[in-house]
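Shared between the two complexes below is subunit A, which pairs with subunit B and subunit C, respectively.
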Partner chain A sequence: MTYRQRTKAINDAAREYRGPYRHYDIVKEATIAIGVVALLAVVLSILFSSPDEKPATVQSWSRAMPASFVATAVSELDGSSGTAGYGPPYNNASTGQHIAFIHLQQWFGVAHPINTSQDYVIAPLRALNTDTTLQHALNTYTSASAKQQMAWDNAYATAVGKAPHYADQAESREEQKSNTAAVLRISGANMGPLPVMMGRLLAFAQAGGLDGVLLANKQYYATDYTKTLMFLADGDYLPDLAQNDHLLGTQWGMMNETGSFPGQGWLWLYTFWYQIKPFSTSANADVLVMAVMGLLSVLFVAVPFLPGVRDLPRKIPIYRLIWREHYAQLQS
Partner chain B sequence: MSTTIDDGAVPQAHAGSTDTGNGSWTVALRRRWVNTLPPEKLLPDGQPAYVASWIYVFGVLTLSSLAMLIASGTILALKGPGWWHDSSLGHFFNSIHLWSVEMFFFFMVIHLWGKYWMSAWRGGRARVWTTGAVTFLIAIPCALTGYISQQNFDAQWISTQAKDAMNSVGIGSFFNLLNFGQIYGYHVFLLPLAVVLLVVVHVLLVRRHGVVPPLPNDLQQMLEDSRKGGAVATGSPAQAEQVVSR
Partner chain C sequence: MDPLAHKNKFVLMFAAIFDLNGKAGYAHWHFFQMSVPNLVVIVLMLVLFAVALVAPFPGNTKRRRK
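Let's turn to the complex of A and B:
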């Protein structure tokens, strides 16, 4: 008997059942099941509730880590931030990830354009048009050559990198004030207008104004958080908070939940690939993981048609445990 | 004019029925529906005797969790996405929603594994498996968009992390995890609709084909019988039509 004939015979044998039936009330079963699940959900909710950690804002970031905030703002200005160099769908700074000759990220193009220097620094500062000192500094910066701008950016970024408590979150108001003052003291002729620009941007962010400007779109109602979230993601603040909640990629990332709550356990296989080579060290990790998961998903759906995979349940007779009463009855 | 439908599936035409059935799309659809899934299959009062294991419970528990998800999600949607952050009642319904999704996936995974070890695709039931598997796959972005719609730190972190995978394959250009308005729409309508439709098809297919019978007790013997051309059925013919009280 060939494999094909054997498979067909096994398949045909399951088409029709001629054995005994037992009484069954499908409506009663469904009602009881809904009752049990509802009770479980209520009990679990009363006992454990659910997490709700306040969102990070540009304001909270700039207050907690002022040096880190202005360093990120400078990286947006000089084009060295993660967003500035991301590529599609935000800009054309790179081609993005790919597998061999397949450049899906590039092919789908720039759908959510972000000009980091304009959107995160220049335009928000331009909005403060009553501040003549700032506007003069902005004019100086924007009319300078790219080489000069880069020299100012580098000089300022180097100084900010040496600011006290650069990577630490301030734990009190006094610390916030002291760390902010340290950033505002940064100055030097080689930094051009940067100290004025960054000082004003920091003050604007700490007052909450930058959150509103970044969320503003062409229309009055705003629901698109792309710009503000990309800015937050470029800084150290968001990962710092995530690390405390064991949410980093190296900590099995987003399948976890804040606090001790169960997260998206069903994402374990997606997250798993990021933990091992070659994915963990590849610049194309995301597209590789998506390709692997796409392939596995297709195979998962196609299990009934996959020789070997569909035969395994017959070789490992767990089915005998499931239908033990049936087989016992046949034996007797 | 009252008529009798000739296929026997619907013994009597309903009062008010005027169509002879010739050329009527409605009657053709009704006949096909009733032939494919007669009421006694759709709402059965009997079950094959082999359906006697705890593993069978997980299908209906998955459905019940889905019902709880829809109920709690509807309440959260009625009050708007910001409600649960400020209201203890809202927070309670959010907790119900969270624990329902945890149960939904927990029960569904056990259900899927159970069906795998039963080779539940046998006997023309491949579509039952594939609809179930696709439901599982669609439920994942459905849950992901829910986590992103929370409007809290968790949502911020998950969306900024998950966007890279979406962007890497181009999906991010039209499915922007950082756009709350878009993702909320996906979460409260589009993806749940897909899940519910798939579940309906899945359940109807189960009712149509019945629960898969056990693998033959003596596989070799069955294959031998099959090779000789004999009819093969899982249950013993002597037990046919016998009703077992449990």
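Let's turn to the complex of A and C:
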């Protein structure tokens, strides 16, 4: 008998059920299930509560790592930051990720424009319009040639890179003050108006003003944190926090949670691909992983049509273990 | 008096009995790594699955007696 004939015979035999029937109350079953889950949710939240991390803000970043903050601000100003070169949906600096002829980022276009120099540096500083020294410095910067701006940016960024505790997070108020003072001392004729601009931006950020400016939009409720998040991601502060909690992509971070809370274990397969080649070294990793997961999802949906795979329940009869009393009755 | 004393009492009243905000342990093997809390949950799910397979259906004993 061929495979096709054999499976057809099994299917035909099962088409009309001739065994015993049992009453099953699905409403009762669902009520019990919802009740048990609700009780579990209440008991577990009393026992374990939920993650209670301090929010990572531009203010906390600029206080903990002032040198790193101004270095990132300069990279936003000169267009060398990650966000400035990201491409769609933020700008047209690159084509973004693609797979073969599929350029999803490019196709959807710049849906959430971010002009890093304007949004993160120049516009927030322009808002401080009562500070005439700052406005003069801004005018000097914006009216200079691109070559001159780049020379000032590079000179300032080099000096900031040598600031003490550049990559360390301050652990006390005293450390914050001394690290901030070290940044504010940076000056030099070759840096043009940068020391004034960055000093004011640092003070504005440390007071919490920059968080407010980056959140401001046309909606009544400010819920769009994209600009803040992209700015934070360009610096060292957020990646440091993420690394400490094993939340980076290279640390299977997608399935982890802060503290000792269990995370999203069901994302193991998604995050698994990011750990192995070619995904771990590819600039198109996100779109490649999405494609692989999409293909696997289609295969999963198509299980009833895949010869061999669809026969697994018959070959590994776990159902017989579940319904063992029924099959024992049939045998006797 | 600490101005936050009243708030602290309120927070303590609703604080979790087991504080899970500390650092988690991690199982590491080559490129594989998983947090101990995730492993605990996965092991619990497997145990629950095994129990669901072998535990008798509620009501079966009653039916057998009939």
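Observations on the structure shown:
Note that the second predicted complex is superposed on the first by the 308 of 332 C-alpha atoms of A that agree within 3 Å, B and C clash if a C-alpha of one lies under 4 Å from a C-alpha of the other, contacts with A are read in each partner's own complex, and residues count from 1 in each chain.
By definition in this document, contacts are C-beta pairs under 8 Å (C-beta built on N, C-alpha and C of every residue); 3 or more make two chains touch, one makes a residue touch a chain.
Bear in mind that the values here come from a model prediction, so they are computed numbers and not experimental data.
Applying the stated contact rule after C-alpha superposition, one finds that A:W252 touches subunit C and leaves subunit B untouched. Which of subunit B and subunit C touches more residues of subunit A: that partner is B. Of the two partner chains placed by the overlay, only subunit B lies in contact with A:M1; subunit C stays clear of it.
After overlaying the two complexes on the shared chain, residue contacts for A:R15 are found with subunit B alone; subunit C is out of touch. With both structures placed on the common chain, the touch criterion links A:P124 to neither subunit B nor subunit C. In the superposed pair of complexes, A:P66 makes contact with neither subunit B nor subunit C.
Shared-chain residue A:P193: touches no atom of subunit B or subunit C.
In the superposition on chain A, A:I276 makes contact with subunit C only, not with subunit B. In the superposed model, A:E325 makes contact with both subunit B and subunit C.
Of the two partner chains, subunit B is the only one touched by A:S297; subunit C is not. Residues 48-49, 51-53, 257-258, 261-262, 265, 318, 322, 325 of subunit A contact both subunit B in one complex and subunit C in the other.
Subunit A contributes residues 46-49, 51-53, 246, 251-252, 255-263, 265, 268, 275-276, 318, 321-322, 325 to its touches with subunit C in the complex. Here subunit C touches subunit A in the complex through residues 15-24, 26, 31-38, 40-42, 53-54, 56-57, 60, going by the rule given at the top.
Of all the residues in subunit A, the ones that touch subunit B in their complex are 1, 5-6, 9-27, 29-30, 33-34, 36-38, 40-42, 44-45, 48-56, 86, 88-89, 96-97, 104-105, 107-109, 111-112, 223-226, 229-230, 232-233, 238, 241-242, 245, 247, 249, 253-254, 257-258, 261-262, 264-267, 270, 284, 286-287, 289-291, 297, 300-305, 310, 313-314, 316, 318-319, 322-323, 325-327, 329-331.
The part of subunit B that touches subunit A in the complex is made up of residues 43-53, 55, 57, 60-61, 63-65, 67-68, 72, 84-85, 91-92, 94-100, 102-103, 105, 109, 114, 116-119, 121-126, 129-130, 133-134, 136-137, 139-140, 143-144, 147, 150-162, 164-165, 167-170, 172-174, 176, 178-182, 184, 210, 212-217, 219, 222-223, 226-227, 232-237, 239-246.
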